[in-house]
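To start, the structure under review is shown below, and the notes come after it.
For clarity, chains are labelled A, B and C in written order, and residue numbers in each chain start from 1.
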Amino acid sequence: MRQEIPLLITAIVGIGFVIQYFIPHWPFGKMSDWFSDWFSIVGACAIILGALNLLKVSIEKTYRRKEDWGYAAVIIASFLLMTIIGIAEGRGFRNPGTSFDWLYNFVYIPLSATMFAILAFFVASASYRAFRARNFEATLLLIAAFFVMIGRVPVGHTLSSFMPIGWQLSDLASWVMTVPQAAGQRAIMIGIGLGIVSTSLRIILGLERAHIGGGK
Amino acid sequence: MEHFALWLSAFLTLGILSFLYKDNPWYKLSEAIFVGISAGFWFVTLFWDNLVGKFWDGWQDEPMLFVGAALGFLMLLRLVPKIGWISRWPLAFIVGATSGLWLMNYLASNIMVQVQATIQPLFSISYASGFDAGWGAIISSLVIVVGTFTGLVYFFFSKEHKGAFGGAARVGIFFIMITFGASFGYTVMSRMSLLIGRMDFLLGDWLGMIG
Amino acid sequence: MSVRTKELIALGVISLFALIFYLGKVWGWGTFEFPTLLSFIVMAFIGLSLLWILILTLKGRLIERRVVFVYVGFAVALPLFMSFSQKITISPEVYQLHEAIMELPAGSKVLISFDYDPPSAPELQPMAESIIRVCFERDLKVIVMGLWPQGPQQANLALERVFEDSAILAKNLQYGEDYVNLGFQAGNEFVIQRMGSSFESMFSSDYEGTPYREIPLVRNVRNFSNVDFSVNLSAGFPGTVEWVQIAVDRYGLLMGAGNTAVQAPVMYAYLNAGQLEGLLGGMSGAAEFEAVAEYRAKGTKFMLSQTFAHVVVIAFIIIGNVAFFRSGRKSKLKGN
């Protein structure tokens, strides 16, 4: 029961979507609409589950006074603050001027934006330490990176303004992006596509069972 | 309040940036606030937009939404260890739906359309522009065909990369390296942009030094 | 003096400077702008110090990573005080998107999906602002939504900024009639799939809770066939890939995209295949769109910093590689 029902659900829903692609009419069209509606609700519950799980783990950590429990307490406090304010403010919670919007603008935005911004420093550091022209392939990679980095900013135009139009650094960067880069990208895209198609087929047919806790 | 808001934002921004010096309590505090606020943000948004906006407002018109709600409830049972296994049902639904949708979407958009777009006529004749066959366009079209084909050859690992096949795979890796190089260049661009955004906040919005 | 004391002193000095400059802002000191000569001196200083780093590296010593961090910080921050005019070259894919919007007749409905969060805002927010602005200038109707929960709020910020312009304000655009924010819906690509048959089923109300059927702008918008054009502003999953796969390839929606630079390279394959009607990639894409739309805003303003940052990264790559070749390709340099 624990394996069979999930397998059946996976197969019915998966095959339903495949058939709907070819026959988007009743009953398959309606079935696909239902599945999409359900997915939206289940997806939301999955994320809510994640948030509640974080709360559970943090409460446990704080209660047992584990290492760095103070930070876990901060997580609980900030989670509750955002949640209580957001729920209390009702449907218009994200209207400009609400407390929720204030927290979004002055707490959430600076924290999330800076968290990703610090990667800029590490990219530069890695460029200095690890980006080496060890062989022909790595050299090609470096040259492509150079053309793109210099050609996509105005200095590329300034440095190559003496060249005829069509051969300036910005034109070369454009060509690299739209021709050889796009070709390589397309090869990767087709490769990934084939992988996804075959894996999806295996899942729908029940050959792949890792998601329901089973092996082969 | 505006002063407090700006100083709070700056305090949190600098707290995260302080990680560049070393891991420290200021960073950890900012990080913990980020995690909590972020989880709260998702919770509230999903509660109002999805559970209320979609399910509660919509079930009268579409009673079948209750099935979705039931599956969602089963998902939440994962928090109860004894009956947590039942959350595999909604999980199976998610995996099945994603597989079914992705199977056709990837087959159509990322395989069929891409193959079709790769093999284009070198000399295009259209009613609008007449006969169009510039050397630049012809060479670019050929480069795309060669790059895509040899790139795919490189990814074919069921056959040993030797002889003509190995030669094609080697050309393929050149194209893939160009792709990675361009991606690296764009990644640098992206990361620097994010930092510029934060600097603009610190020097502009907070300290008012730049316009 | 212990390390902790030094750290506290450094923190105190930084806080003091911040307080002075903040009070200066409150007292109306105004903004700072480097004169041209000072800008050149700063650039020369950075160039010479990079030369010094090259010499150090050639001697077999890698500089500490924090020094690289300081360079990146300066490369990004100092140009914000400079005011060099730069010529921005416009890529064909940016022209294409602008042309696609310009060709729409007045009253056309444009769907803009905000599929990003604040971390990607420096790249995508300038795009959002200039695209919405062009739409309003052309008297197009804008329908905003988000597959990311932060999207609708980013859209509000963009709309607020656009309405600061007196020319746009003078048009007296009405919420619900000329533009609408449908909010966020969970479900990733399944939201797009469901919108193919019914927008209302996914967005039963707008972000404020007004029922879909009571919003004049979308009352008659049943699915993608009632939308004339679409722009997807995306920072990852779900985003442009999913929109192309479902809305474009299955339902025939015309779509242009604005992407973070990280994911833009992937989109060139779609652009090349004609699945996208133009593409803006990263901050340079935003600046190029501003240039073609003749609206100079943050994208353009930030390009000098972007240029400096790229040059510094290229310089560090060159320095690292010169040392690598000098050391007989062994790359056994010491440092931390």
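Operating definition for what follows: contacts are C-beta pairs under 8 Å (C-beta built on N, C-alpha and C of every residue); 3 or more make two chains touch, one makes a residue touch a chain.
These numbers were taken from a predicted model, which means no experiment stands behind them.
J.: Could you pull out the chain whose C-alpha mean position is farthest off from that of subunit B?
T.: The chain farthest from subunit B, judged by C-alpha centres, is C.
J.: Is the C-beta contact count larger for A-B or for A-C?
T.: Taking the two pairs in turn, the one with more contacts turns out to be A-B.
J.: Centroid of subunit A to centroid of subunit C, CA atoms only: how many Å?
T.: Once rounded, the distance between the two centres reads 17 Å.
J.: Measuring from the mean C-alpha position of subunit A to the mean C-alpha position of subunit B, what distance in angstrom results?
T.: Computed from C-alpha means, the inter-chain centre distance equals 4 Å.
J.: Residues touching two or more other chains, restricted to subunit C: which are they?
T.: 69, 72-73, 76, 119-122, 150, 185-186, 190, 193, 201-202, 205, 207, 209, 250, 265, 269, 272, 282, 284, 306, 309-310, 313
J.: Where in subunit B do residues touch two or more other chains at once?
T.: 10, 20, 41-42, 45-46, 50, 53-54, 62, 97, 101, 106, 110, 114, 117, 144, 179, 182-183, 186-189, 192, 194-195, 197-198 - these are the residues of subunit B that touch more than one other chain.
J.: Using the touch rule from the top of the page, what residues of subunit A touch 2 or more other chains?
T.: Subunit A, residues with two or more chain partners: 21, 35-37, 39-41, 43-44, 47, 90-91, 94, 104, 108-109, 112-113, 115-117, 120-121, 123-124, 127, 142, 145-146, 149, 152, 177-178, 181-182, 185-186, 189.
J.: Given the complex with subunit B, which residues does subunit C contribute to the contact?
T.: 18, 21-22, 24-25, 29, 31-33, 66, 69, 72-73, 76-77, 80-81, 119-123, 149-150, 183-186, 189-190, 193, 201-205, 207, 209, 211, 242, 244-246, 248-250, 260-262, 264-265, 269, 272-275, 281-284, 298, 302, 305-306, 309-310, 313
J.: Mind listing the subunit B positions that touch subunit A in their complex?
T.: Contact set of subunit B toward subunit A: 5-6, 8-10, 12-13, 16-17, 19-20, 28-48, 50-55, 62, 64-65, 67-69, 71-73, 75-76, 78-79, 85, 88-104, 106-107, 110-111, 114-115, 117-118, 140, 143-152, 154-155, 172-189, 191-192, 194-195, 197-198, 201.
J.: In the complex, go through subunit A and note every residue touching subunit C.
T.: These residues of subunit A touch subunit C: 21, 29, 32-33, 35-37, 39-41, 43-44, 47, 90-92, 94-96, 101, 104, 108-109, 112-113, 115-117, 120-121, 123-125, 127-134, 142, 145-146, 149-150, 152-158, 168, 170, 174, 177-178, 181-182, 185-186, 189.
J.: So in the complex, which bits of subunit A are touching subunit B?
T.: For subunit A paired with subunit B, touching residues are 2, 5-7, 9-18, 21, 34-56, 68, 71-72, 74-83, 86-87, 90-91, 93-94, 100, 102-121, 123-124, 127, 136-138, 140-149, 152, 175-194, 196-197, 199-201, 203-204, 211-213.
J.: Using the touch definition from the top, list the residues of subunit B that touch subunit C in their complex.
T.: Interface residues on the subunit B side: 7, 10, 20-21, 41-42, 45-46, 49-50, 53-54, 57-58, 62, 97, 101, 105-106, 108-110, 113-114, 116-117, 144, 179, 182-183, 186-190, 192-200, 203-204, 206-211.
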